[in-house]
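A, B, C and D are the chain letters, set down in written order, and residue numbers restart from 1 in every chain.
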Amino acid sequence: MENPYIPFFMRIEDIVLETEDRKIKTFILAFVNEEDEARFSYVPGQFSEVSVFGKGEAPFGMASTPTRPEHLEFSVSAIGVVTEALHNLNKGDVIGVRGPLGNGYPIEKFKGKNLLLIGGGFGFSTLRSLTNYILHDPNRADFNDLTIIYGARNPGLLLYKADLEVWKKRSDINLHLTVDKEADGWKGHVGLVPNIVRSVAPGAENTFVVICGPPVMMKFTLPVVKELGFSDENIIFSLEMRMKCGIGKCGRCNMGNKYICSDGPVFFQSELARLTGEAHF
Amino acid sequence: MNESGQWKPKIIAFLCNWCSYAGADLAGTSRIQYPPNIRVVRVPCSGRIDPFFILASLQNGLDGVLVSGCHPGECHYLSGNYSARRKFALLKGLLEYVGVEEGRVQFSWVSASEGVRFAKVIEEVTSHIKTLGPAKILVKNIPGGSFDVSAHP
Amino acid sequence: MSQLIHEIKEAARDFLRDGEDRTVIGFEQGSLPLQSRPCFIRKENDLERLVWNGFCKNNLAGYLPKRKGKIAIVVKGCDSRALVELIKENQITRDQLVIIGVACNGMIDRNKIEADMDGESIVDVEEGEDVLTIKGTNSSKVFDRKEYLYDHCKVCTNPVPVIHDILLGQRDSNTPQAPVNDTFSDLEDFSALDGKERWKYFTEEMNKCIRCYACRNACPMCYCPECFVDASRPQWVGKSTDLSDTMIFHLMRAFHLAGRCVGCGACEQACPMGVDIRKLNRRLQKDVMDLFHYKAGCNLEEKTPLATFRTDDSDSFMVEP
Amino acid sequence: MNSENVKLLNKERLDDFLKVLFRDCIVFGPTRKGNMLLFDRIESIDDIVLGRGNTMNSVKDALFPQKENLFNYRHGDEGTEIQKPSAEEKGMVLFGVRPCDAQGLLLLDKVFGGGQKDPYYIDKRSKVAIIGIACENPDPACFCLALGGGPCSTKGSDLLLIDIGDKYLVKAGTPKGIAFFEEKVFEDADDEALAKASLVEKKAEESMNRAALGEAGIGEALEKRLEKLFDDPIWGEVTESCLGCGVCTYLCPTCHCFDILDETVKSTGERIRIWDSCQFPLFTRQASGFNPRPSSKERFRQRIMHKFCYLPKNENLPGCVGCGRCVTKCPVNLDIREVIKKISLREAT
């Protein structure tokens, strides 16, 4: 029987310091064993449990795209025991990974549709995965218009700056970056994500909107996209909660009778509206 | 264990920066001999010692714990050692009550000028702990499967 | 007993009529025989629920820390000492409280009774002054009340609350009105044991622990917003049932209660596994008395021993080469 | 009843039967540890204690222990190594299991055996036989009848022993149970024994305390009602006395939530899973400090919703078997039966 609790090894190939407050780093990992690489097939929006042996495990969404299968990337904010331990690691160190876990974004449904991706701060990692997946040749042709609205508190806290530069130059993607307050040299939008959505978002017709970010951002963005005419069936959230097992056993990440780890983390608003349970944003 | 298989106690010594640590320094510069079994942790005051430091030391398999601070009335922060004295009196009693051998955890006052006294304290603590043998009580053992935990450095 | 219950209800009624935003914390009949339980009353209509009997074991002072509004609380002798400590530690103010003190006759240990019922389920109980008549499914048994008290009740030094606004239930003129000296005679036999045997005893006790934290949560003095055992940076204590971790959890909990533990036995009553937690607290109570001449919860002025010091405290326990 | 499924075991031959079990298997059963009756591993027949009520802990401990090694790891010169624990070769018998506890295993089977399977539980489960003993003397806290069980229910048991005087009537609930009948210690059951057994059952059922639960049923109606009452003030009302400890969940035969963590000494250590409880604030508190269930109100609600709403939806079984442990051992006697009763009487607002 396959043991879902046993991680496989990955080696840290590179570490990218993402934010000026030094709190978020992206770890670029290579598979130690080829068979793990062959077995690990995922879709954007899925996550993995990352182990630092001796410190424990923590869940992170894959920030990398399955179109570049040789590496996995995880963006880690140093706020807990495991995440701080990760930040203290160096290139060449070996860590454990269990996954892929969770459902991921419904890519098939997105085909032939316009997409509006709304991300905030640290919650942008799986949207980056999704974006790079879509932009990957020849996938781009499967999807229609792609609009991204991504916000952070200040320009220094925006992740994936190299990707953002590439995306800015492409004509097949509408990229809107926003920061909470005016900042020196900032040429993008200024304002909270829900407000920017209200002013720049395209129409709801033939469009899915995917929202991932801090709870408060998601909470205030939902009414805005509803106002814009998105129906519950076309609004998608990627949620977060304290998770441990990742396979729906350990009992902590439920929202109503659904487990975020195994039934999610990606949910349609139409599903969420039917659930009895704590609101997660 | 050393190479000849003979057990040598490992003793952690929490030394106040303002007195006992300087006392240890003085013992060293004066070339006073004392047993090499202690591992020193410098702390700002004996009052800084959380009982957890002591319990964690025992849990991690150290054979002895010594806390040494300034003599009464000589605390750099006026009263840190007085507060510490109350804590230590209770903690020592409690540990011995549950079965930790008397002398496994010890406390002393050593001033910056007492290099000789420092050496004598270490002498006494070490020889006492040698008679007690390796610590077993409160030591945390993790079953390591076929990985031999104890053999690993 | 019924007179006493009536008096408690009347005291509570007067309190509720006296103003808005008021809560009475007392005892009501539980759902099982030999069980009374905490209840919170805000309406006069609900006062009928209040009871008093030999099963009002909980220390209700545990519900007070950081509570808002005016509160009338029913307390036994030991509970009142917890009130004193909580007031001193600024967890509640004296003028928020109307203390309904009840002179206590000792609380009955349900587990001891059940152990002597030969596996028969208890259906009903009748409590007399000195005896308990317990009705089982097939038979009826009479128990000597004194024999079946909680261990901490057997060594109680202050059945009469040390602090109160109303004092009820005084019936025996022999009952000491103020706390008497604790002789700690219950510790003598155990302290005389060899260290190895004491370790063996605690090993067996702590191995029973399931880390449910009922002891901590039931303790009126354990009100830290974050307990050391839940802290992760640094994480001082492991969370599993490893003996060393469990032992350190109980040692440190006892240590944090040194000079604060009032000996109400809430920890032991709450423990589902029958761990002898009080053995640790008793020793610290004794040391605090012997070394610092302090008994927790006896007056509002005296400082908690670990919050103060004397320059002439003994250092006889230290190495003197 | 089919005679293949029912036999008699003379009490004088119980030891012979147990000897067979001890010879072939690791045996768990009710035993005395100090002043406690616990369900624990038993080394000898003499340590089995029957007829003294239910054990303090539930039988889940044998299949889902409080602390379980998931694997060991070591950081060495050649990098990190992982070593899976070796599975126990021998079979296991849980002897003297109460019908309620046996029924509890059916839920654990669904949780750990459904979806992505849990190898640690499944491995032990595949090797275990459950030998139950009927409950002649239900406790006032018991309410198994409301959960579709009963003092003589065979749900979850491979064999069930019913005490009918000098003999046990032995019912087999599964093929695994029937296989035991090949042992020579069993006799054929006669009508008289069957009649005696149904009398025992009737008497036990009649003696059960029904007052606490009242008319309230546990089932689909409760499930629907709970959904409506999710934001009702009732949760604050019923949990005012709750201490927030883990007694109810740790003693429960169906509660199965756990945490995973690492314990290390120097460069070697183990990854373990330990029981966790929805009643603890840390259960859901995120590293950022945000907690979707910040107080005992939300945590208690989660416990009730999980048991009587979410699990029935997901697994078609409630997370409760009416064993009554949480009722008797709650330090403040916060009685789950009364909570259900209050919920069933509450008008949805």
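By definition in this document, a contact is a pair of C-beta atoms (placed from the backbone, for glycine too) under 8 Å apart; a residue touches a chain by one contact, two chains touch by 3 or more.
Remember, it's a predicted structure, so these values are computed and weren't measured experimentally.
Averaging the CA coordinates per chain and comparing them to the mean over all protein CA atoms picks out D as nearest. More contacting C-beta pairs link the chains of A-D than the other of the two pairs A-D and A-C. Computed centre separation for the pair chain A/chain D is 39 angstrom, with centres defined by C-alpha atoms. Chain centres here are Cα averages; for chain B and chain D they lie 47 Å apart.
Separation between the centroids of chain A and chain C, computed from CA atoms only, is 51 Å. Residue positions 140-142 of chain B are each in touch with at least two other chains.
Residue positions of chain D with contacts to 2 or more other chains are 73, 259, 261, 263-264, 269.
Among the residues of chain C, those in touch with two or more other chains are 238, 242.
Chains that are in contact with each other form these pairs: A-C, A-D, B-C, B-D, C-D. Per the touch definition, chain C reaches chain B in the complex via residues 191, 195-196, 198-200, 202, 228, 236, 238, 242, 244-245, 247-248, 251-252, 254-255, 258, 280, 283-284, 287-288, 291-292, 305-306, 309-311, 313-315, 317-321.
Of all residues in chain D, only 33-36, 51-53, 56-57, 66-67, 137-141, 207, 212, 240-241, 243-247, 250-251, 259, 261, 263, 272, 274-275, 277, 280-282, 327-329, 331-335, 337-338 touch chain C in the complex they form. Those residues of chain D whose C-beta lies close enough to touch chain B in the complex are 69, 72-74, 76, 81, 83, 85, 263-270.
Those residues of chain B that touch chain D in the complex are listed here as 60-61, 140-147, 149, 152-153.
For chain C in complex with chain D, the residues that touch the partner chain are 30-33, 35-40, 58, 62-63, 111, 114-115, 119-123, 137, 204, 208, 210-214, 216-218, 230, 238-242, 269-270, 272-274.
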